[in-house]
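Several structures are given next for inspection.
Here chain A shows up in two complexes: once beside chain B, once beside chain C.
== the complex of A and B ==
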């Protein structure tokens, strides 16, 4: 059972994040990096499938600069067998279709039984990359999976729909699935495992290593970022100031007034 | 031409479809003066009446070969429609179904593409607005080098069009389908509990900020004291602390109480989709940039435990 898990280091803005480069990027000093929340669940699912099969390999793969290194090490510490990081400066700010093109090129020679991705990333929230990877690889796919059972090469999965509805369906492997949070309980790495992660294989590849170049990745891109801006304020909340007691008193007044209206 | 892909489920047109029609009609003249809505369903033609919106020029009916949505078939049908009709703009809802095929269509056909779009304008081609960095920033995107662009549009971003016009012309559109790659077994309602949060006038809603399962009991008590019903955001359900029956959001329930008091909920898009129509929204969060303050009427940057403790005193 070989599972490739495509993961992403996500960037959270700190309070003083500033826009730079003609408002098309955020000053890197204002960003904090972490493994995407959804990817912790997809990695866990991969580890469980490998362990249930009794043999096989889990490969964590990402498109990212050196800021993504810690997230890959976190995957290795949790139990991935090896990791691959693909980067080229041409990938800075790459859109989901460009990233999908690169991921697909890196996954293809791995010939996995299963490719797992998070449903979305907490920073870009595209919900698009995984299924685009499947399109490039010609793999059957299911998006937003909240339960996965595997038997004799056929997966029975639950697809989480809107409003608390679930669809149960079957799909034959090899396939790609995007994994929803809550599907399992992601493990934490032990301190020992975190130390040992540094001895596991982590390869760093460039675009030419996966048979691509900047022009072909650029051609795969679906969008160009014109500019970033802060959301318009004013329509936002009236802020209640003061001590917690002051805030509670105002909230109590508002609640009582609205509930009696 | 603008092509809207309708979304149906179990014989019903999903509400996002008429919102897409509104978005399409707003860009109709700029994008070439024609709007068509494609329905891919086992009984596609039957939806023409539900799509009787003034300004919709045509319904393209694709007879699906499976009784329910099948991602690969819908993908195939949308690709065939785009290749035949050559629309400048294709609009899908940013829904669970669309997440199963939209980006695949864009990748295979080399379309311009953006997802979870909240506004669209036109300047020689589409310009899309969407969130960035978890909704803390807004991004404006364009699609240079693409004659055709596919956008998935956030549910609720546009008002639904009024389907009170004359029934549009229906054209049958044939697609040669391969055998489906997934097999539908069943639909299932997620567990319902003894509580219906959609009926409550006052919801006390808690999220990740409560930090620990052991803290839930104190908010159950607080809710009772306030005369509120307790609801939760997704992380508490994911962690197995609370039942899905109490979950507010896209994958939980959509609620519209008189008062929605959110403690420790940052306001992910999927959560906001489920509660932003509440009459009065009050949010308490330690992060001043939490997206929930963008939809709240009243907000406080404060420790929720301190506020909760003080709040009790006001409700005897």
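== the complex of A and C ==
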């Protein structure tokens, strides 16, 4: 059972984030990087499938610069067998389709039974990378999976629809799935596992190594980032200051006012 | 980050007589157990707040003369030149940080038992103290009154010489000036009793004399309980309270308003269990709002929320935010507002552990939230500064995220340990705080004198503060829902292991009274419960309940209060003389007594259980064991004693070879897992270990500085000329051979 898990290191952003490079990027100074929340669940799902199968391999794969190294180490500490980081400065600011092109090129020679991705990343929130990888690889895929069972090369998966309706699908491997949070309880790494992760294989590849060049990646891109901006302060928001009693009284007044209007 | 402009008003300077207060943060007088005899503790504790941004810090009540001696409770004293020298250490350190130093001149009358000085206190009338046991004052005639006033004047001059900026004539908490003012104490018929002007005369004359003596150099303040809370028989804010403020307004530079007296001063230092933030406002808020004073006003109300502080000032309640407990819990509260990080404020939980140590008489102050309170000098602990541990390269596993484990992991993180893992079996951190903070409620009726049975919800701040800090520490990982076995710990890869797994209640009635289990006691049965089982609601509880309380703190009474609030018929049984012993010290007892009485809880003191049977508990009087009683009940709650959950610690220690093989250098046990204790001591234990994790033997606390006189090394030079010229007892060096005992 070989599972490739595509992961991403994400930055924790708050409303203080400074914009740089003509408002096309967030100032990386002081940003803290963590493994994307969804990817903790897809990794866990991969580890459980491997452990249940009794043999096999989990490979964590990312497209990212050196800031992504710790997130890959975290995957190795939790139990991934090896990790691959692909980077080229041409990938700076790459969109999901370009990233998917790179991931697909790296995944193809691995010939995995299953590819797992998170539904989305918490920083860019495109929700596109996983299914784009499936398209590049020509794999069947299911998005937003909240339950996964595997038997004799066939996966039974559940997706949650509007109103809580559950859709049950069967899909033959190899396949790609994007995993929803809550599907499992991700394990954590002990201090020993964190130390041992440094001795696990972590290869760093360039575009050449996966048979791509900057031009081909650029051609895969679907859109170009023009500008980031902070939301405009809305009109009509009234800040209520004061003691809890004063604030509560004011809220009650407002509610009464609106109810009687 | 800069401070939010909405808090600017808190940082505006204000003039107090000849002195300028740099902002609106003011540590009102409060006890710490230092007095004048632990000058290091006194100076370092107060100055820590000055470093943290408080604009003024005061002493505790400071006795003006040996006739006002509160032994064994610790007051400051300014009796002589030695006291000037010792208290000057405090004023110098405060001035270094740009804060004003205040001193609260105190004469207690009959409330000061003079157990050290053996003096006789004087008072307006010969009525024994309602706070002390059997202490009568001597009736102060007019000569005495002149002497008493001169004591204030002499003390004020010494205070000025010690470097104090603000000199109080202290008349709150029913001490001497208030005793003259209140007809509850003052039964005189001369010009110092009777009419309002006569009753106010002593205080007014004293203010005039003190002002004359030091008023050019020092701001003159008075602390005044604007309402005694006794109704028409004493001072009421709408009557003599407001009248007195108007009458003496010209004589003070600052008013410090409170309510109540010393006998039930929990009405002032209100525990969170019964009183919410700014709870004195209905009384102390009337004076400035009602235009009874033109002077700056400071007042308290355990205010920790900066928004409330702003509201207090902008609404015209007070000019200055007074704080005792919030300043103990977070000496850096003003700085945290100034630096735009109010989420870092370590909010007081209103448990009143600080106060309990003063009430006990002698021990230094402690704080549940701030383990460094009182340790600034003797252990050198700073609440906000942490040295990098010498062994910071080590990885630490802390097992259990209760009060001790949370604190230990947080401080280890702040000491820059390379990796700290805090692993908790429950789904959230907090340990016992999570269920204890649900106690303290009854039926929600609001008829408890001035407060309500609000419960212990604010105790959850123990968890909340640490949660926020732990989230910010990149080198600390918190893992929930993970119950570790000894094997898991052996294989975890930590060089240092800290076991903080807490404790559980005895299931068999083992107790401090008989040191044996109680026959028939077994909380694995459906109808017998431990206190935590009552809170969890896991077992049905019958209509008739007996709660056995042997711990002496809040647990048994709180369970009785909760069940009675649900309409059950409750017997509360204890071997002690009071069902809430320690809560007398935390000032929670009077209000709790009111609630238990209102709810009809049947209290049996000096009583123990002989055996427990289905439907009946067999009891006996501990002084007359033949005197027996049978309580017919459906359910029994056993709050007898707690037992450490220390199995992991024992298992790890038992296999030294494996510890070595796995590379574990040390295993420590802290908090309740070491020995069950109060939360304040669990937090301290966790903090202490983390502070000393790089000491030669972290399991053993380092010695602390003891402020004692070294025999033969220091002198009493300050007293030369005042001591008897020919004492009957001589130093050893002057004794002849015959006088030296064999």
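Assume the second predicted complex is superposed on the first by the 234 of 261 C-alpha atoms of A that agree within 3 Å, B and C clash if a C-alpha of one lies under 4 Å from a C-alpha of the other, contacts with A are read in each partner's own complex, and residues count from 1 in each chain.
Quick note on the criterion: a residue touches a chain if its C-beta (ideal position, glycine included) is under 8 Å from a C-beta of that chain, and two chains touch if they have at least 3 such contacts.
Since the model is a prediction, treat every value here as computed from it, not as a measurement.
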Message = Is A:231 touching anything from chain B or chain C once the two structures are fitted on A? First, second, both or neither.
response = first
Message = Under the stated touch criterion, name the partner, chain B or chain C, that contacts more residues in chain A.
response = B
Inquiry  = So in the superposed three-chain picture, is A:250 touching just chain B, just chain C, both, or none of them (first/second/both/neither)?
reply    = first
Request  = For A:152, select first, second, both or neither according to whether it touches chain B, chain C, the two together, or no partner.
outcome  = neither
Inquiry  = One more residue to check, A:32. First (chain B), second (chain C), both or neither?
reply    = second
Query = Taking the superposition as given, does A:171 touch the first partner, chain B, the second, chain C, both, or neither?
reply = first
Request  = Kindly classify A:192 by the partners it touches after superposition: chain B alone (first), chain C alone (second), both, or neither?
outcome  = second
Ask   = For chain A, which residues lie in the overlap of the chain B contacts and the chain C contacts?
value = 185, 241, 244
Key: chain A to chain C touching residues, read off their complex   = 32, 185, 188, 190-196, 241-244, 246
Key: Contacting residues of chain C [partner chain A, same complex]   = 6, 277-278, 305, 307-308, 310-311, 395, 397, 419, 421, 474, 477, 479, 481-482, 488, 491-494
Key: chain A - residues contacting chain B, complex   = 11-13, 15, 17, 19, 26, 95-97, 100-101, 119, 122-129, 131-132, 134-136, 140-144, 156, 158-172, 178, 180-182, 185, 219-220, 222-231, 235-241, 244-245, 247-252, 254-255, 258-259, 261
Request  = Report the residues of chain B in contact with chain A in the complex, numbered from low to high.
outcome  = 9, 68, 71-72, 75, 94-97, 99-108, 110-116, 127-128, 131-144, 146, 149, 152, 181-190, 192, 201-202, 226-227, 234-235, 237-240, 244-245, 247, 250-254, 258-259, 261, 269, 279-284, 288-289, 293-294, 296-303, 306-311, 313-315
